[in-house]
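First chain A sits with chain B, and in the next complex the same chain sits with chain C.
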Partner chain A sequence: MFYNKALDSFLEEAGDISRFTAKFFREFLKPRYEFSEFLRQCFYIGYKSFGLVAVTAFIMGLVITIQSRPTLVEFGAEAWLPKMVSISLIREIAPVITALICAGKIGSGIGAELGSMRVTEQIDAMEVSGTNPFKFLVVTRVTACITMVPILAVLAIAVSLYGAYLGCNIHGVVSWKLFWNQVFETNTFSDVVPAVTKTFFFGLDIGIIGCFKGYFSKKGTEGVGRSANSAVVISSLLIFVLDLVAVQIADLLGFT
Partner chain B sequence: MSEKPILEIKNLYKWFGENHVLTDFSLDLHKGESIAVLGKSGSGKSVLIKCVIGLMQPDKGSINVFDLNVPDLNDQELDKIRVRIGFLFQSNALYDSMTVRENLEFPLRRHWLDTKKQSVDELVMEALENVGLKETVDMMPSELSGGMRKRISIARTLILKPDIILYDEPTTGLDPITGKEISRLMVDVQKKYNTSSLIISHDLNCVNIAADKVVMLIEGRNYAEGTLEELKKIDDKKVKQFFE
Partner chain C sequence: MANPTSRNIRLGIFVLAGTVFLIVLLYMIGAKRSLFSDTFRISAQFYNVNGLMQGNNVRFSGINVGIVESVEINTDSTVNVVMLIEDKAKIYIKKNALASIGTDGLMGNKLVNINSMKDGSVAHIEDGDILKTLKPIETDEMLRTLSTTNDNIKVITGDLKNITQKFNKRNSLWSLLQDTIVADNLKEAIVNIKITGARTAIITGDLQEVAKSFKSGKGLMASLLTDTTMAGKLQHTIVKLENASDKIAYVSGDLSGITAKIKDGKGTIGMLITDSLFVKDLKSTMKNLNSGVAGFDDNMEGLKHSFLLKKYFRKQAKLKAKKPN
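And then the complex of A and B:
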């Protein structure tokens, strides 16, 4: 009745991704853990993205502080600047920026890497030599994303707050101590927990989508490019959707 | 030969939608024997050996290896027979993020626990010596030439000392001299480890050097078989094409 080809393929892909995710959890629990490969991936992800995440977070902290200042000055609430800025940085901006950067950098990397391994039959070669390629390639990468994205997000929060501190000091003078005092006064445990919790899901999203797109890459170099590209697009979009869901859940649970 | 073949393909069918690639293909491979499957590009040679190793599922027919029917096996059982079957990919399929050493160690991983580091090193070196490329052990695949990559790929196939080796076009893309060297290498390997091999090829030189018997894969089936000399005498247009 309401048959629509685009909707159909969308649902089909959503189903495939869910099945892929379920397979990830199943394989994750099965023994023969590829621990050294997991560590290698963690190192790789952290090493590859830390610089970019730090620079972006720093600039975000700085810029948002500078931008927010005039409005607060208008209300005579300039003293609230650290409080206000730190809330938005911790709860929203730093985690989401980190996830988006990781989606662009790690997600596309995984998509392209697995895609070219699929195309050049390296994944088949693993299977033939008796190593489960899903476990060796997908499980390690996804768990590494789940581990590293939250760590990077925490680092991003710290760096962006430092940026905010410098931003506060461009016009007025806010001492180091006063700044952190204000930050920790407003941001309590119930602000940090949901902010960090959602980054685990961002990590899962980035890893799963990157691996899914690469693992089932179409033949040819074009297929590899498309895998990398759609890995970024879909996982970025999903980050916002997950963010929206996370806000609602945090709200329901009373983390406000 | 009266003894039971170690690889027996019977009435194999495989099609992709409307594209009927294999239709009623049969073949027997005995211990120590080396058979070449000759067929033109796109005739389904790669599909055939991918079915043998369980990377593709045939639509009909049986593939008996060591008395097990491959299409019926589950993952664990497949893993067990795969250890005894070497597979040389048409594209080499070397892991390009790993060094040559790591590439060769990869098939040994599943035996990691019961092989000592030292004997792993010995196995790697032995395999590299067989293909005459000991000095490349710490290089990356991207630093090697096409012929060297093919040799490394053969070394990786050999490292578990398989009973059967499936070669997918071992000499395509190589110059005639290197192609001959690779073919001789295949013969040496076969003699040294008494393996059986199934060689997919359309390179007559290679077939001439490395195979005892030739099977023509035409129209998805075993169109003719015999030694190269016997086939050359057959008066059939489709067979003759190959020898012009």
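And then the complex of A and C:
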């Protein structure tokens, strides 16, 4: 249709994903909710991912603090360490790290699971048996992603701030109370609200891409691996794109 | 695999933990921004707010008491800043408090400083009050002033350099400054001057008194100087004295004549004084007289014992003996 095949296939996929997303919202709004399946997915997506996210967030908080210290010491602004680190953790690092970890763990899991179901024709069997496979498989997973990723991100903020607190106390001395006082002093709603809001979109992105790749998996076992792989790659890439868009929107709305 | 109930419980804990932390985070931030405590509004009009923004802190005596709610341009020379202040600070801020734009640290956020004035008799601030403001110190202006100050300092230090160099070159000045004897002498001289001054004061006091008594007409000199009748008398006396002295001259002229005569040996006194022969005669006469008197004494003794006069002498002796009783 356009100048080359790659562009054509990219645009085609983008269109497919858009229609898939639209279908998700349509199906989501229809009655008959698969609530127990939703809870099951929440458990796997949220609870089971927490350990991984917590470790990553803790390390990030610690490392960022240790890395920032020399520069601040150079300026004689060592006292600003909690303020600066908490701003970067809350605004950017904790949400994005959480989303990336989820994209790796959840996105690939969903892609592989749905892909193998498609390949083994379980989805077709569901359709025959009268269950709406889209509602049962896709809507529950995507909704679970949308709800669980923000919670994971918030807990990641908490854990990373604890890591930052420990990081502050490796070389200097910052009391527990002073640290949190500085964190709450420096950060405003305009720091927290956009950061948490964008994680909903990160969750949507992870769920939709994972489900889309898995739901339309082709070519046997090889296709399952490919769909799992591309689910991670595309959703990770989309997380950064969404992050960029979110920053721009937050800036436009005055959340600076 | 665990049963659905325990899975759901763990999920619930997880979700609750996340939600609670989010709420706590938001609440703590809100509490710091004083969004949940009772507040009141005051405003202040500044000439220049130096980049003050909505949400900046408001400090009273260095303590955060609120936030800036809005910053709006009012007229071409005033900017209206509305501040949201916590109710608990209301009792400390007075109506005459002074608002100024400050900076948190050297490069930190802008903030509004409210400082109380010393006069404590003013009423507490109320909702909607407008505070007086202080023109903020601008860095540019400060640097401009500093540069002129620097120029002045440059000139002054140059002069100082010259002066000290001159000092160093001249030993006499140094020795004068360092000489303790000169200093002692000076001290002594000053003490003497002091004493002299004190005495002068006394003398002038006395003089004053004298002058006063002169004026009031006490004493001879005063009467001499002031009394006119006295002057008349004095004149009269002098005239008399003149006459007297004329007479004295006349008398002394007579006297000189007498003495001349005495010298010439005229008269008895003159002879007595001048004639040496007569003196010898006088001496021998006196000797003769003495011997004559001795002879007379013998004659008188003889008379006493003569029968003619015996009776008389006895009577005389008896009278002498009675007299002491």
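Convention: the second predicted complex is superposed on the first by the 254 of 256 C-alpha atoms of A that agree within 3 Å, B and C clash if a C-alpha of one lies under 4 Å from a C-alpha of the other, contacts with A are read in each partner's own complex, and residues count from 1 in each chain.
Methods note: contacts are C-beta pairs under 8 Å (C-beta built on N, C-alpha and C of every residue); 3 or more make two chains touch, one makes a residue touch a chain.
Everything numeric in this text was worked out from a predicted model, so none of it was measured.
Of the two partner chains placed around the shared chain by superposition, chain B is the only one that A:Val128 touches, whereas chain C remains out of contact.
Residue contacts after overlaying the shared chain place A:Ile151 against chain C, while chain B stays out of touching range. Of the two partner chains placed by the overlay, neither chain B nor chain C lies in contact with A:Val245. When the two complexes are superposed, the chain touching more residues of chain A, out of chain B and chain C, is C. Shared-chain residue A:Thr120: touches chain B; no touch with chain C.
In the superposition on chain A, A:Leu11 makes contact with neither chain B nor chain C. Of the two partner chains placed by superposition, only chain C is touched by A:Phe43; chain B is not.
Residue ranges of chain B in contact with chain A, taken from their complex: 50, 53, 55, 75, 79, 82-83, 85, 87, 89-91, 93-97, 106-107, 109-110, 156, 160. Looking at the complex, you find that chain A touches chain B at residues 113, 117, 120-122, 124-132. Residues 4, 7-8, 10-11, 14-15, 17-19, 21-22, 25-26, 28-33, 55 of chain C are the ones that touch chain A when the two sit in their complex. Listing the residues of chain A that touch chain C in their complex gives 36, 39-40, 42-43, 46-47, 50, 147, 150-152, 154-155, 157-158, 180, 184-185, 187-189, 192, 196.
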